[in-house]
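Letters A, B, C and D name the chains as they come in the text, with residue numbers starting at 1 for each one.
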Amino acid sequence: MQIEDFLLMRHEILLTLGILIILMADLFRPHGRESSFSGLAIGLMAVITLAGLLPVPQGSLFGGMYVSTPLFTLVKNVLTMGTLIVFLQAHSWMTGPLTLRRRSEFYILLMSTLLGMYFMISSGNFLMLYIGLELASIPVAAAAAYDKFRMDSAESGMKYILSSAVSSAILLYGISLIYGATGSLYFERVAAFYTGTPVQMLAFVLFFSGLAFKISLVPFHLWTADVYQGAPTGVTSYLSVVSKGASTFVLLVLLYTVFSKIALLWQPMLFVVAVVTMVVGNLFALRQQHMRRFIAFSSISQAGYILVGLAAGNQLGMSSVVYYILVYVCSNLGVFGVISAIEHATGKLRMDDYNGLYHTNPRLALLMTLSLFSLAGIPPVAGFFGKFFLFAAAAQQGMYVLVILATLNTIISLYYYLLVVKAMFINSNNTPVPFFRTCCVTRTGLVLCALGLVVLGFAAVVYQQMFDMSFGL
Amino acid sequence: MMETIQSFMTAMMNSVSEIFASADLTRPTWSKWIFMALAGVILLGSVLTVTSRRILRAATFLFFTLLATAGLYLLLEYEFLAAVQLTVYAGGILVVIVFSILLTSHISYRFDPPPVWRVLGGLVAAGSGLLLTICVLVLTVFPKGVAAPAPDMQQVGNALLGQDVHGYVLPFEVISILLLACMIGAIVVARKSREPEASQPDKTE
Amino acid sequence: MNVLSLFVLVPVLTIVAMVLVRNAAQVRVTAAVGSVLQFILSVGLVLFYLAERRAGNMDEMILVHDTVWYAPLNIHYTVGVDGVSVAMILLTAIVVMAGVFASWKLEPLTREFFVSLILLATGVFGFFISIDLFTMFLFYELAVIPMYLLIGIWGSGPKEYSAMKLTLMLMGGSALLLVGILAIYFSSGNGLGQSMNILELSKMHIPLEAQRWIFPLTFLGFGVLGALFPFHTWSPDGHASAPTAVSMLHAGVLMKLGGYGCFRVAIFLMPEGAHELAWIFLILTGVSVVYGAFGAIVQKDLKYINAYSSVSHCGLVLFALLMLNQTAMNGAILQMISHGLMTALFFALIGMIYGRTHTRNIYEMGGLMKVIPFLSVCYVIAGLASLGLPGLSGFVAEMTIFFGAFQHADTFHRVLTIAACCSIVITAVYILRVVGTLLYGSVRNPHFAEFKDASWFERSSTLILITAIAGIGLFPLWLSSMIGDSLAPVVSRLISLL
Amino acid sequence: MDVPVHFFLMLSAAMFFIGVFGFIIRRNMITLLMAVELMLNAVNINFVVFNRFLYPDYFEGFFFALFAIAIAAAETSVAIAIIINVYRKIRSIEADDVAEMKH
């Protein structure tokens, strides 16, 4: 291996080192002294984010097992930043007594998950894809069951591992048929032989279903609400943002490269799945009272919007999806930041508890409003731009019906997002969440989200960059 | 519509008869007999695994299924894989499963039979999936590869640490991290620890 | 730095200043300073515009400034104004200023109220100055969303319901609009390069098949905000629940966004589609006009009366636009301005009266002329303007509209026009009825006698509006010629295409 | 080898869908896990068969099966850990007892 190769894989190598550092730090920490590892993990993630910004050539290693392009690097950076923000927001929880004596494990689990996502994104072979996918999901299950003094956390972990196991079995069956139909597992060769024979179609459908589990598309979404509700808030936000973003991006890349020849099959399929996902997610979100369940269904419907861009299959679609993932990271982490701050301070998690929040904690309420508006696609926050581009991509392909259905769905979603806004600003409450100050680390995380929400929309250069790196069918 | 179905049926019939012709069942050989025996064990074992109402029996049937699968690998001359299957699957996974069964269930415990609608739903879902898959498989003509000799351990070892095309050093490394992470995850979840005093507000509702 | 961008920048800076200052009194002063500044700016813009025209600058839009924003979709930040938008900007500045004064004593959460109010104004100004579809859409939504909080927090009655209904219906309209904008963009250009710029788009030809479905989409999208008949139901509820300044701004300015959008986007960009499908919407707007007027007759609540009257008047705007000739369109724009001013005045007065009587039921009041003469006189003036008394702005606008409408000689247009004319009579009926019961007669409630007449900020608010109404009524020519000049090229293109 | 490739494939397909069937009808967590093991096993047969019969030049299927077994082991261990943790809480491993979730 040359030194450039190390540079090409810097995300993965640095993250592996980071995991080892934390492991070692835990092993050699003085006996009887507790340390939170929070600062260490945050610092490591910050270093990786910065290192990711270095300009580096593209290329492939290990005979095509590992591929890196500027777009991949960019998405990895987005995911790293998302993880960084999750760590920042989890800081106050991680320094609390509930996590005593097993703090380093939390970071190791999430970081190895992130490593799995890196490999998943950079894979050039179905084997690497699968290993990355598993590395990205098995530790999450353990992390979901991390809060083991609560019943629903354990249940959440169990639901996640079982559904993830079954989905990866289906995915594997798909991969095995792909291998049988094309004779290879390397993306390039598979793409060359993928012409759409019946067995290839079947293989694709199975493969897609497996990935759809991870992105929680309807009808593979049944685990989502329970898992989101039960897992610790930090893990839930990680699941709904980083994990989902990575899987979506992988699906995007595969659809546009490996399966590009059967676009005529997957475009109508995505059409249907997108519509069903949006509608079901929205309708269920309407009646949720528990904030984490609420966000679970909201994020299902968000995945539906992303599919609208995916279905387009053009350059605009690809860049819009990537852009939307970035925006989604900021918006959803903003929401989760507020939720976890309030949960940590008061233990309250129901929508009624948010009544009158603005009067006691105006800043949190404002950040929540901004994030929700971004999810709903209201200007001037970034979500507006993200949605516009997604829909523009579909419109470019002439899928106006899809766009109309999607925009009508945004109206439904606006309704329930406004319910939260209403709770915070309008409803009165005899026992409101008392005023509290978040610790400065958590606040940094919140400020980062707010900044992202405001800046991303207006700074067209971000989108321009993504557009330049993207490609169509 | 009728014509499409008809032509589909003819194509199916043709493919099926072709497959059976290539199997040439009139001239039984050892490998055919062994395959049939193994297939029988696998099918029976699988069905019993999911339908048995005693969990320990289900595990036993699963064990036989896994053994028969290892036999299948042997039949295909993949001795190494058969060995891995035996040690990791039958020896590792299954032992863990049996341990956990013994930890969590009483030996005489019997499941309640699943409700009828669920069985029907399962039958319909799995049955239609199976039917579809088999139709697609039957209709597919797979390219005839040249039967090359099975890999010897030297080749396997070289490929496992190879860095070029068809080299597997990267997945090998990544999977080691995966195993590490899973170990840590399993430990952090299963390790017994005392619940701290409720200085935190109660988070369950 | 482009001059027009100041119209967005000033309110944004005002908001920043309001967030930073210390107490409610300072917030009020900041808001007032900001809105007055904005007013001065817009007067300056009008003068500059007239001077440019007199100097012979015959560009379709002046002060055009173009910055590329999102290159992949050809989204530019493009601003520019013609006579129509200048007039609308002036209207907005006046109403915002009056609105700030009218809500001078508002509590609680004074700071938040003014921030949302100015945010709304930012959206409106941005909408009127932009000539890029994307930025236009952005500002449109920016103007709508603060309404939710404004009504929901500071409103009265079933405020949460009204606020939600209003927001969802308007956002539903904007959803159609989004599809329409994308469709316009992607069907423009004929492979030569697509555009979001309205000026460029008007020179391109959008295929007729596309126009056939994009026109109704965009017209409906904007029409929801302009209270087009089956989609007007948000308007009475919204107005009735909204606090004073919000009603003013909403009826006075926000509903004009709908009319302006219909003109600028739907009709201007898709003339053939408009010509073909105008009849459907003519019927709908005709219904709006008559239905609104009748609705106003049966109401007892002052705000509802005005809300229905707004439906009727805004219906008239769309009605006139769809006549697709110079005179009627000129009248439509004039009507927008006139209605904006007078309905703002109405709502301001209603707010002030309600603040004293704590009821809006007209039958519980009476004889107000004796106790609060200033406000009552203002109310009479507003009423007269509304029913189109010569010398006030309403007359000019409605006369022009009906002149224009009568230029169509076929039966269909005639019948509709006559039906719409009837609305004037109905308007007269309900205005006079309200004025009669409300202001004259004996004082029904004894403690009404203790009312104080308008305070200084209430006076300034109403006087600003009355001056503007009278100004337009007495000297309509500069305004109508300014609008007419800008309409002429539009209409001539409309006619040449057909 | 004189057994046609289709026979192997149909065998594995049957095994896979029996696993699916079991996953649908069972509610005991460990049985669910065993159903998943069946499915994974079926997949491995597929890989091996394809490798042996159709594409014997490289050992892609062989290695995939190898790695899949390793991953299945890891997955099972975490799943068992979680199941034991659940059992400690409620003394039951029936999924229905766990799912007291409200919708």
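The rule is short, and it goes like this: a contact is a pair of C-beta atoms (placed from the backbone, for glycine too) under 8 Å apart; a residue touches a chain by one contact, two chains touch by 3 or more.
Everything numeric in this text was worked out from a predicted model, so none of it was measured.
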Chain whose mean Cα position lies farthest from subunit D: C
Can you identify the chain nearest the overall CA centroid, using each chain's own CA centroid? A
Which integer distance in Å separates the CA centroid of subunit A from that of subunit C? 43
When the C-alpha atoms of subunit B and subunit D are each averaged to a single point, how far apart are the two points in Å? 5
Centre to centre, by mean C-alpha position, how many angstrom separate subunit B and subunit C? 69
Once you find the CA centre of subunit A and the CA centre of subunit B, what distance in Å lies between them? 30
Find every residue in subunit D that makes contact with two or more other chains and list them. 9, 16, 19, 33, 54-55, 60, 63, 67, 71, 74-75, 78, 81-83, 85
Check: subunit A positions touching at least 2 other chains come out as 127, 131, 134, 138-139, 141-142, 145, 148, 151-152, 154, 157, 180, 183
Residues within subunit B bordering two or more other chains: 133, 137, 142-143, 166, 168, 171, 175, 178, 182, 185-187, 189
Can you list the subunit B residues touching subunit D in their complex? 19, 22-24, 29, 31-32, 35, 39, 42-43, 46-47, 49-51, 55, 58-59, 62, 65-66, 69, 72-73, 75-78, 81, 84-85, 88-89, 92-93, 96-97, 100-101, 103-105, 111, 114, 118-119, 121-123, 125-127, 129-130, 133-134, 137-138, 142-148, 150-151, 155-156, 159-160, 166, 168, 171, 175, 178-179, 182-183, 185-187, 189-190
Parts of subunit A lying in touch with subunit D, wherever the complex brings them together: 126-127, 130-131, 134, 138-139, 141-142, 145, 148, 151-152, 154-155, 157-158, 161-162, 165-166, 168-170, 172-173, 175-177, 179-180, 183-185, 225-226, 229
If you look only at subunit A, which of its residues touch subunit B in the complex? 1, 16, 19, 61-66, 96-98, 100-102, 105, 108-109, 112-113, 115-116, 119, 127-128, 131-132, 134-135, 138-139, 141-143, 145-152, 154, 157, 180-181, 183, 186, 197-199, 201-202, 343, 346-347, 349-350
Subunit D - residues contacting subunit A, complex: 9, 16, 19, 23, 29, 32-33, 36, 39-40, 42-43, 46-47, 50, 54-55, 60-61, 63-64, 67-68, 71, 74-75, 78-79, 81-83, 85-86, 89-90, 95, 98-99, 101, 103
So in the complex, the part of subunit B that touches subunit A is made up of which residues? 132-133, 136-137, 139-140, 142-143, 162-171, 174-175, 177-178, 180-182, 184-189, 191, 193, 195-197, 199-205
